[in-house]
């Protein structure tokens, strides 16, 4: 048995992982797999909540899900795709050694998500290059997948997360500064109840495709990587 | 003021219109527009419910929505795209004179829906040809739109139907033979609660895109037809 | 244990199955699964070889692969998509009860292949309708996949068929009338050695994607059907 | 007669040109055209082979093909898309004056290839701007094309390279450090025999589309540039 | 020298060929090639002009262009895709022996155009099957291309038709019953000056892509068929 | 009444706005709306005309259209996508407060246009982030649209600009250094009459789609933003 991660989910901000694949993470933990979240930023430019608050919320959420969490502290909204940031991700990949990586949506509405996708995709490849001047032992994830943007088409794969749905929503709700209606705070798109309903609605829609109550969705390259199928096969 | 329909929704089977655009129909009626449903078949091959039952349910649903309904009685699952069926649709278009027509999804899982799309699309065009040997005064709908299939991508247009959501679901539930859990009947894909949750889930998802509780979605040609925009502008 | 087929491959002509998925069929047989081929026609309009010759070749090939074979004897090139032909396929689906069906390419160069795809796709759905007037017990395949056309893009799934490559090519070569260079016969596109090289070349290309010698490729709907993944998981 | 290049192939690393269009290059030389390769890097981060070894191999390969070769010595894997690198390419375009440029695949698996595509595409345009502060006489290639990634779809154009196939593979094999099975060296994706089989397999597949033994494939903009068609018309 | 056609353009109605590729036809004639038009119907259901008028106009237009013309007299708007109609096209292909066939747009607004595309595409393939029970010697066109619909994207190929523009518009204008403003006749979409302006506008747009005054556009399969390139190479 | 802009059009160079949406700008002004142009650069690297000349021309054109104009003076062709430039756009968005922003084409031939699209798209989002360290009050445009590149497909929306066509072309012609045939100046792609004909031709083509003389076209996200529809509804 190794310390390698079975699954690493990358988000641009704390709560991104929970919005999209909280159920998959909870299921992985429940099935004895090692799963983790890597947030590129602490969400320090968010309209609501300080970086400190969001960090506490993020750690509480990870505890609920039963997964590891690292916050990379790149500057929110302002991180670029240059080599310095790429190296930070490469180091993480080499240290965590994930079999499968899940990235943000490549075509999302939020520019941070699009940039985090490209940064993560490149770093996952380069981390495997033996001679790249970067600390750590070379490691290339066996599969890279990603979540859907705001208006996703047909998913490549759906995962029944009914068994952990309450746990998964509790993890989302741990981000009280972001999603809790709070008249003392400025309204944001994601603090409106419609945003949380969108999370639930998509899970109900994807669930209907496989005739279960709640499901989450993933997209990936062609051909579908066997390592991704192997991971999903262990989520019961 | 004329008798022309502002909106005609075509379904392959009774309940298709309600599954996808019950809210748009209810909103149209509520705003004083003339709206109707044209079911190509009575759903007489459905696994549950007789044709007679489904007809009663369909009429009850239309009453709930406040719209007209015609059932064309083509043979369920067995109607073809030949000229005889095309003429039946052309006659309806010429009699009902809809400004906007909403068709089933062109890429749906159910072959009837795909075929109904093609039949409806062709008939809408041909109904406007002066010399086509078909009863009635030539009429071509000013806009043709369609609903999404089971795994729809980003919609062209979304309509806030929050104001009529309960009415719209009551209309769907009027099809008790189809959607009501009933252990005495054989289980079907659409009688599973997951199906109804899919309807709700998509409406929550589309609602989240425009920050409302419930929305329905439409797809159409490029450029977006002005008559369709004009119709949607009247739905409040 | 049942008599249900684990896999049914549909071709428009004898040899279509062998051109595209001979290796998958051989692997299925080798792993103790029940697999079959259903040829819609006997290839009776082919430029080379009589219908009788092709039938003999087809049966010899099926024996080499270790699978069942049925030739439906629709008229080559001239079968239409009407209900009579649909019923013939539905009856086969109800009799053979395949878990997974593999169809010809929907966008192939040969019109027969495109038509066979549509006919098979529709019949697979309708065969599950309890009340459809068709002999047999209702049965709907749990997954439908298809092969690539002549210029396929990235495959959804690739299957390592290195272990059965010689057996698979022997099955193809059993169709001597079609693929064997024979100066006494009129040349055809598929009797040119370049055609056979295309079969090998694609298998080498797909193999390179998963770092094996020979692979075959499949395409399917979204989300990827679990029954298809389950089947492929049994092919070693 | 001028010194302008008829064709310039750009690779991110030595051997990229040979992997994809070695045959087109050999054919160009054989037909008396001036063709060249521009490698953006010396492949100095490759897992196998030093930069010096790879440079020697690259020059040997160019000699086999009968084409010119320039290695730009940008840092392997670490070159960015900034203006300094763009200027280096612009200078090359202005010095070599190619009629047609072939770029790496825009959607390849290797991030270097995607970046080299974008850098080359931009530089080819800007090199023609009279007032851009860059040494040399303004020059804009008349056509830009590109090679396929690892899972290419239908090619825009295929070129019969059967006449030079052995020469073309000899050029590839000149990169012994990269492709030769050598147990003393760490295994890489491209040193596995499956990689070389992929090169052969795609050429057999593309050959089958035009009924020849071996072919290479190109992609380009719409409408297809006449200068590209003119070049390919000279390759016999 | 043979009687084989170098080019055959298929339209659903007289004037379809002239709307889209009148310039290509005129250029072909001017360069000594044999070109022809095959109209599937006489346009007998058109809102304006009788079948007799349209036939006279069609013949006058063909004379202006210098090409042959055959009117197949399938019933306007009502021809189906059954085998009887397919055979009529196959016979024409076998009699006219065109190297290149240009079909209507597969995704046009007019259902006749979509159906004519499919019928023509299938017939072009089947006409080459030696044993298909159809009069004539087997013949398969070496290339099939098609015109754009009403909202075409980037064309595959554009042809400079500046040299024959006036001749080409004179041929279009020969269809006086269709395009001439005539208050005594019912207005139609194509009798509005905006329609003729659309023909001119697209030719100006396509011309701008290759820096000429007027151009026409074609679409085709991948890879681009050499026979199509060869034909276009002869149009000066 | 506020000083907020109803519409802001962003171009990479002066004249970009006029090439694509001069008519929409003129219509907006004519209907009493506040519209403006933001040119990222002064076009100082253009082959013809100095930066000073182009600035004068740009101001004259804006006066003809009746709109505001700001030239941001980023370096032509050499501006990057870094944060410094992003901040300059964000400041403009926060100062001008546009309801709708129109960007250059994301897939244009000119790299500046592609880069300006991405820069504008990102800045429009980030300008709304309350805590982003940038001068001004947070502001996010309610809708972002874009123009077509050189070979655009079907537009999402078309706008009848017949009423202002002469005014719109006068604004384009105000850029005499760019579009006027002038033998004393080096020829450029856009000084060739074919370029101006392309502008006219596309407007005639798009006009034909809605049966008017001249129209302009826009593309946008899905679902179509209501704010964009609202703006277009005011253009008469």
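When the chains are written out, they are named A, B, C, D, E and F in that same order, and each has its own residue count from 1.
Please note the rule applied: a contact is a pair of C-beta atoms (placed from the backbone, for glycine too) under 8 Å apart; a residue touches a chain by one contact, two chains touch by 3 or more.
All of these numbers come straight from a predicted model, not from anything done at the bench.
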Query: Both chain A and chain E are touched by which chains?
result: B, C, D, F
Statement: Greatest Cα-centre separation from chain B belongs to chain D
Message: Between chain C and chain D, what distance separates the C-alpha centroids? Give it in angstrom.
response: 38
- line: Among all residues of chain A, those touching at least two other chains are 151, 153-155, 206, 209, 222-223
Query: Are the chains arranged, by touching, as a line, ring, star, complete graph, or other?
result: other
Task: Would you mind giving me the full set of chain pairs in touch?
output: A-B, A-C, A-D, A-F, B-C, B-E, B-F, C-D, C-E, D-E, D-F, E-F
Query: Okay, in this complex, where on chain C does chain E touch?
result: 44-47, 77-78, 80, 109-111, 151, 186
Task: Over in the complex, which chain A residues touch chain B? Could you list them?
output: 150-155, 189, 192-195, 197-209, 211-213
- prompt: chain D touches which residues of chain A in the complex?
  reply: 82-83, 121-122, 125-126, 129-132, 222-223
- prompt: Which residues, counting only chain D, touch chain E once they are in their complex?
  reply: 153-158, 206, 209-210, 217, 221-224, 226, 229, 233
